Amino acid sequence: MNTVLRALSFRLIQAGGVALVVGVMSFLMMQAMPGDMAYRIAAARYGYDLVSADLADAVRAELRLEAGPFAQFLRWMGDLAQLDMGRSLVSGQPVWQEIAHQLGASLQLAAAAMGLSMLIGPPLGIFAGLHPGGWFDRVLLVVAAGFRAVPQFLLGLVLIVVLAVQLRLLPAAGHGSLAHFVLPALTLALGLAAASARIARDAMAAVAASPHYAFARAKGLTEAQILRRHGLRNIAAPLVTYLGLQFVMLAEGVVVVETIFGWPGIGHALIHAVFHRDVPMVQGTALVMGLGFVLLNAVVDLIVRHIDPREVQA
Amino acid sequence: MTASRLGWGLLVALICFALLAPLGDPLGPFRQSLTKALSGAEAAAPFGYDHLGRSMFSRLAHALRLSLLLAFAATATAAAIGIAFGALASWRAGWIDRALSLLADSMLALPALLMVLMMGVILSSTPLAFWAGLAAVQWIEFFRLTRSAARSHLASPAAVAATLQGFGPIWIFRRILWPEIGPMLRTTIAFGVANSIAAIAALGFVSVGMRAPTPELGLMMVELLPSWREAPFALLQPVLACFTLLLALNLIAGARK
Amino acid sequence: MTLLIATDITVNAGADCLVDPVSITLPMGQAVTVLGESGSGKSLLAQAILGTLPKGLVASGQLRVGLDAFDPSQPQGNRALWGRRIAVLPQEPWLALDPLMRGLEQVAEVHDLVAADTNPQARARSDLATLGLEHAERRFPWQLSGGMAQRLAFAAARAGGAAITVADEPTKGLDADRRDAVLALLRHGLQAGGLLTITHDLALAAGLGGEILVMQGGTVVERGPAAQILGAPEHPYTRVLIASDPGRWPRRAPAPKGPALLEAKGLTVARAGVPLFRPVDFSLSRGQILGVSGPSGCGKSSLGDALLGLMPHQGSLLRGPEVPKLGFQKLWQDPPAAFPARITLGTGLNDLILRHAIDRSRIAPLLNRLKLSADLLDRLPSAVSGGELQRIALLRALLLDPVLLFADEPTSRLDPVTQKETIALMTAIAAEHEMAIVIVSHDTSLLHASSDRVITLTPA
Amino acid sequence: MRRSLALLLLSAALTPGVALGDTAALDVAAPFEIKSPDPVLSGDIFLKMDVMETLVNADANGGLLPGLSDVWTVSDNKLVWRFNIRQGVQFHDGSVLTADAAAMALNWSRTKEGILVRAPISGITAEAEEVVITLTEPFAALPAFLAEYRTGILAPAAYAADGSVTAVIGTGAFKVTRLEPPMTLEAGRFDAYWGGPAKIPAVRYTSVTRAETRALMAESGDAELVVNLDPASVTRLQAVEGLTVQAVSMPRVLLLKMNTGSPFFDTVAERQALSLAIDRAGLAQAVLRYPAAASQMFPPALGGWHDAALPPLVYDIEAAKAAFAASGWLPGVDGILEQDGQRFEVELLTYPDRPELPLTAAVLEQFFREVGIAVTINSTNSSEIPAKHAAGTLQLALLARNFGLVPDPVGTLMQDYAPTGDWGAMGWDNTEFTATVRKMAAEGGSDADKGALAATLHAEMPILPIAWYQQTAAISNTVKGIVIDPYERTFGLKSAEFAE
C-alpha cells in the first residue's frame, strides 16, 4: 500500500510544480504584455469595430490595469490560493464556468476518439506484433506512418466531403447530437490508432519473444490461449500508460479538429484567451489542463499498478 | 530497413528542393500578378500560381525552408538542453536531480499548444516563439531519455571499469553514454522534428501561427483551402509537401533495428 | 518400456551440417544426458527433437514418441507433444514464468487447458504441496526465490501429464547448493518417466546416471553408461572435459609471503546501515591469491567494491603504503558488460594508452602471452567470445601495472575447459607480475584449487 | 469554486450534452461567437435570431420603423424624447413589457459602455406608458441609436443586482431554450409573441468560425441558412442544387487609413497619388471575388450618401508616379522614393480577424512597391490601430468599417471624421465638415448635406476607400422568407417557413 501512497505523493508534488510553472509563465506573460492590454480586451469584448480610446480607458479603469503587472499578478495568485480562478476579462463570466463547458466538450470528443481508436489500433498492432517482420507488420508500419503524416484537417475535410456532402450520411459539422460525434471522432481516431497500433505492436512483439511466452507454448497451451492468458495482460501495462499520455496529447491536438467541425473546446478557448490577452482565462485553462494531466496520470498509475504490481522504477 | 531508406530519400529530396529551388527562381515568393491567380504551370512558375498570382514553386520552397529550419532548430536546441540536463541530473544526482525532474514533470503536464501560445505572448516574434515554445516542450523527452540511459549505464561495469582505469566523466559520456543514446536520439529527433513541423502547420492553419504573407505550409493550406475545388492542385502542393515531410520523418523514426 | 526413439537426427543450416546423425533411445525411468560445451551442437539436438529450432535450421531423421511417429523436418507437427507428452524445463525458470500471474494459476491453467482436468485448482494445489510450495500459491513469480521459481516451473511444465522431461542447461549459473536441489528435482521426475538433459555440468551428469553422450563440434565423440564415461573416458576430448572439473585440478603451490598489501580486521560492508556479512579478517601480500566464497547475495561483490575503494566499509582496512593510484583493478563476471559496447576493443585500449602515456609496444607481447590474436582488437566486444574477452580484460588491467586484481566470478559464464585455461593463465600471470588476486566464486573446489587461502562469508 | 478539480473533470466528461438533433429546427450557421447573455456583448446575435428586440426597428435601407415602441415624439426644444411602449407585449418569462422594464434595460445598457454613452443623455425614466429620455443637447440620431443591438430590451428578471445579465429573457418570436457560449443558441417558438407566433417551431444558431466548414454545412444540408460565405465558396455553392446564394451590398467599406500628419501623406496630392497606385478592380476580383471596387467612399447601399455623379477613383500607375514626383518624391538608387533624404518607408498595420485583410495588405504592398514605396506589413491585433492612433505613431492601416452599426451613418461619421477618430481620419480637420456632421447629428440633414459630405471626403481623401463589401448567404430551398439584411439586424426568421 505504501507504494501507492508514494506514487500519489509524487503526483501531489507534481501538481504543485504545475501550479508553480503556470504561475511563473503567467507572470512572464504579464510582464511581456504590451501597454495596450486595455485596447485588446476592449476589442475582444465589444468587437473590433467598436474599440475606441474611450472604451479602452473604461476597461483600464474597470480592471484596475493601472496598478501594473506585478500587483495584478499578486492579486490573481491570491485569488487562486483561495481556489478562485476569477472572471474572464472578456466575457465577465467566471473562468470556472467557461472552462467547465469547453473542457467538457473537448473531453467528450477526446473520449469518443480514444474509444474509436482503441477499437482500431491495438488489435491491428497485436496482430502485427504476433508476426513481427511479416508482410502485415511491414504494411502496417508504412500505413501507420502514412496516417500519422496526414494533416488532420485534410482528413477531416475528406471525411466531410465523402460522408456528409456526397453520401449525406452524417452532419458535416456542429455540436449537440450523437451523430455530430462521428466525423470529428473518426478524424482524430485514425491518427491515434496509427500511433497506438505501433505501441501495441512493439509491446506484443516483445512479449511474444519473451521466455515466458515460449514456456507457455512448452506447457502445451494453444496460441489463442497464450494470447488471452499471457499476452493481453502483459501488453496492457505499457499500452495503458501510452493511452494515458495520448489522451493528453489528444486534448491539444483536438484544436484543429474543433475548428474544422465547429466544436466548442478547450483548445479553441485557449487560443481565444491568448489572442485576447484574457490572462485569467489563460491561467485557469493552463492550470486545469495541467492538473487534469496530473490527475489522469495518477489514475493511469493506479490502473497500471493493478495490472502489473511489480515495483515500477520511477 | 527499406522503410527507413525510403524516409531518408524523401527527406533529402525535400531538403534539396528547399535549398536549391530558390536559386534559379526568377519570381520570388512575394511577387504577385493578380491576373494569373490560380493559373497553371509555366516556365517561370513550374508549379503554377496561387490565389494572388504568386509562384507556388517559390512559395513552397521557402515554406519548406522555414518549416525545416524552425523544426530542426527547435529540436536541436531541445536535444542540447535535454541531454545536458539529463547528464547533469544523473551525474550529480541529489537535489539537482530532484529539482530538474520536478521541473520536467511539471512542464510535461502543460500541453504543448499552451506552451507555444504562451511563448507567442512573451516573445513578440512568431518564429522565435515557435522556436522557444517547441524547444520548451521537447527538451523534456531528451532529458528523460538521457537521464534514464545515463542512470543504467553509469552504474554498468563498463563505467566502473573506466573509473578504475582513470578515465573522467567526459570520456565516459563520449565512449559509453553517447554511443548508447545516439541511436535512440535519432528516433526521438525524427519524431521531434515531425511533431514540430506538424505543430507549426497546425497553428498556421488555425491562424495563430506565422502571419501572411510569409510562405508557411499551414498558412498556404488555409489560404488555398477556399479554392480547393477550383484549383485542387494548388492546395495539394503544400499538403503533399507537408505529408511527404512527415512521412519521411516518421519512416526514419519508426524504422526497426 | 521405451518412451522415445530418435534415429539419425541431424541439423543443417543450408549446406552446413551442424549436427551429425545422432540416435537416442529414452527408456522409462532412465536418464540420458548430452554433455558438451557451447557450440558443440547439444542444444540444437534437443531443439531438433522438440521442433523448436530457430528459423533457417532444418532437422532430419526419424522420431518416435511412444507408438506415434513424428517427422523432425516438419516441426509444426511436434507441437502436439508439448506439455502432453514432453515436458520442457526452461533454462532460467524465473524468466519463464509469467510475471503477472500468481503461482497456483500458472500450474492450474495447464491442468485445465492441456490436461482438461475437472478440478484443476485442487490438482495444482496438490502439485505445489508435493514440492513444498504451499506459500507460492498466491505469490507472483518475482516474489519467489530462485529455487522456488525453479520448482514452480517444474510443476507447471509437468502438469500436462508428460512422461518425458527435457531439461536444457538446468544448472546454468547456479552454485553448488542450488545445483543439488535441481538434481533432486530431476531425479524426482525420473520416477515416473524419462529424462533428457543437456548440460556441461559434470556433477549433474554424474548425479543423474543413465547414459551419457559427449558431443564436440556437432558430433557425438563418445557415448556409454555414466559411470564408464566419467570413470574411464576414452576419447581425448572427453578426458580434457573431465579434467576441467575444478575438483580434479592440481592444487596450487603456495606463494611466498611478502610485505602486506592489504590488512583487513573486522571488515564488513553495510547496505542501508545493516552489515551484509559477519566481519572478516585477512591480510594479503603481492603474488598471493585469496579466494572468497559464500552463498549468493551475502555481499561478495560488495566486499570487492570496498577493497577497490568504490564503496564505504566498516571495520579496519589498511592499504600498503606503496600502492599506486590505479593499482587496484577488477575483472567482471560478465565480460561483455565490462567494455563500452559500441566501440571496438582496440579503440578502448588506444584511449587507455593515450590517457596514461603507456608504451604501445607492451601490447604485442601481452597478446602473445594471453594467447590472443591481434585482429580481435578490431572487433566490438559482442563479437568476441567470453573467454577471449575475459583475457582482453586481463590485458587491459595489466597495462596499468596493478598490484591487486579483484576477480568477481571471472569464469562462471565460461565453459569448463575455457574456465580451466583462464584460471591457470590468471594465476600464472599473478606470479609473473607479483600481483595479488582476490577471486570470488560460488565453486569452492575451484577456489581451493587456485587460492592460497579461502575465506567464506556468512550472512550477518 | 468549492468543488474539487476532480469533480469538475468527471462531471464535465459525463455531462449528457448529447441529445439527438432536432430536425424540425431551422439551423443557422454564422462565424460570430456568442460571448455572454449580455446584449452589450452578444446582442447582435439575439437580435438576428429574433430572440430579443429593440425599441426602434430599421428596414433594409436604414429607414426607421416602430419596434417595441410604436410611436415616439420629441419636444420642441429637441431635448426630451418620449417613446411610447407597445401594449400587449410579453417577455418570455411571462412578465409584461412596461415602460419601467424598458427604462431599466436601457439604463443598464448605459452603464456598460453600450452605445448610449455616446449620446448626450442626461436621464432615462419611465412615465406611464412612455420611456422618457432627456438630453443635454439636441441629438436627432437618438431613435437610430435605439435600434442598435446594444440597446436591446430584456426582462427585469434577466439582470442580477449588479446589472450583469444571467439569462436572455427577451420579447422576440423565439424563446431561448439552450444557450451555450460560445457556439450554440437554441430557441423555440414563443406562442405569446405580440406579432403573432412564428411558423417555424424552433431555430438553432451555431457559431462556426471556419468559412470552409460553413460552406460544407450548407452543401450537406446541415444548415438551412449560412451567412458570411467566403468568396471562393460562393461560386461553388451557386452550382449546388437545392441552395440559393444571395449577395447583398452592405454598408461596410474596406479602408486605408493614413496619418495625414506624417510627411508622407500631409498633402492631398500625395494622398491622391497613393490612391492612383491601387488597382481596386483587380484587388477586389482576386481577394474578395466580387466586383466591389470602391469608386467612392459610400456604397450604393447607403442611399443619399452615395453620389453616382462623383468621378470614380481610378488606377493609373504612371499618373501616380508623376504625382509623387510633382510632390517632391523622387526615386532613389534602389527605386524607393526619397524626399529631402527621407525614404518613403511606412508600416502598414492590419489585423487577421477578417481573413481578407492580411491578403489585401499583401496585395497593396506590391502595388505600392511599383511606385517606389517600401511597405512593411504588421498584421496584429485589431486594437493596435486605435492604440497607435491615440499614440500618434500610426502610419498606414488597413481596416474594414461598418457605416451601418447604427442605421444612420452619421453616427459613424461623427466618431471617425468630425474631426478624427480611432477608425477614421487621422490628423485631418475640416471645420466645415465637422460642423455639418454635428448639425446633422443634432437636427438631421438633407440629401444635399449628405452629398456635400461625401464630396468633401472624395476630394480631400483623409482616408482611401478600397472596396465595398457584400453580405453573402446560402439559403436552403426548403425554407421560404429568409431575409439578408444589409444592416445585419435580421434573418427574417419570425416570418420564415419551411416549404411544403
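Order of writing sets the chain letters: A, B, C and D. Residues in each chain are counted from 1.
Here, a contact is a pair of C-beta atoms (placed from the backbone, for glycine too) under 8 Å apart; a residue touches a chain by one contact, two chains touch by 3 or more.
From a predicted model like this one, the values you see are computed outputs, not experimental measurements.
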Intersection of contact sets, chain A vs chain C, gives B
Per mean C-alpha coordinates, the chain lying farthest from chain B is C
Per-chain C-alpha mean nearest global C-alpha mean belongs to chain A
The chain pair with the larger count of contacting C-beta pairs, comparing B-D against A-B, is A-B
Distance between the CA centroids of chain C and chain D (whole Å) is 86
Chain B to chain D, mean C-alpha position gap in Å, rounds to 42
Taking each chain's centre as the mean of its CA atoms, chain A sits from chain B at a distance in Å of 21
Whole-angstrom distance, CA centroid of chain B to CA centroid of chain C, is 49
Residue numbers in chain B touching two or more further chains are 225, 228
Flagged in chain A as touching 2+ other chains are 157, 259, 275, 291
Pairs of chains in contact here are A-B, A-C, A-D, B-C, B-D
In their shared complex, chain A is touched by residues of chain D numbered 1-2, 5-6, 8-9, 11-13, 15, 17-21, 27, 29, 33, 35-36, 38, 40-41, 113, 117, 164, 180-184, 204, 206-210, 212-214, 216-217, 219-223, 351, 353, 381-387, 389-390, 400-402, 405, 415, 421-423
Per the touch rule above, chain A residues touching chain B in the complex are 13-14, 17-18, 20-22, 25, 28-29, 31-33, 138, 141-142, 144-146, 148-154, 157, 198, 248-249, 251-253, 255-256, 259, 267, 270-271, 274-275, 277, 282, 285-286, 289-291, 293-294, 297
Within their complex, chain B touches chain D through residues 30-32, 34-35, 37, 51-53, 207, 211-213, 223, 225-230
Chain A partner, complex, touching residues on chain C are 52, 79, 82-84, 87-88, 90-92, 95-101, 109-110, 113-114, 140, 142, 153, 156-157, 159-160
Residue positions on chain B within touch of chain C in the complex are 156-158, 160-167, 171, 175-176, 179-180
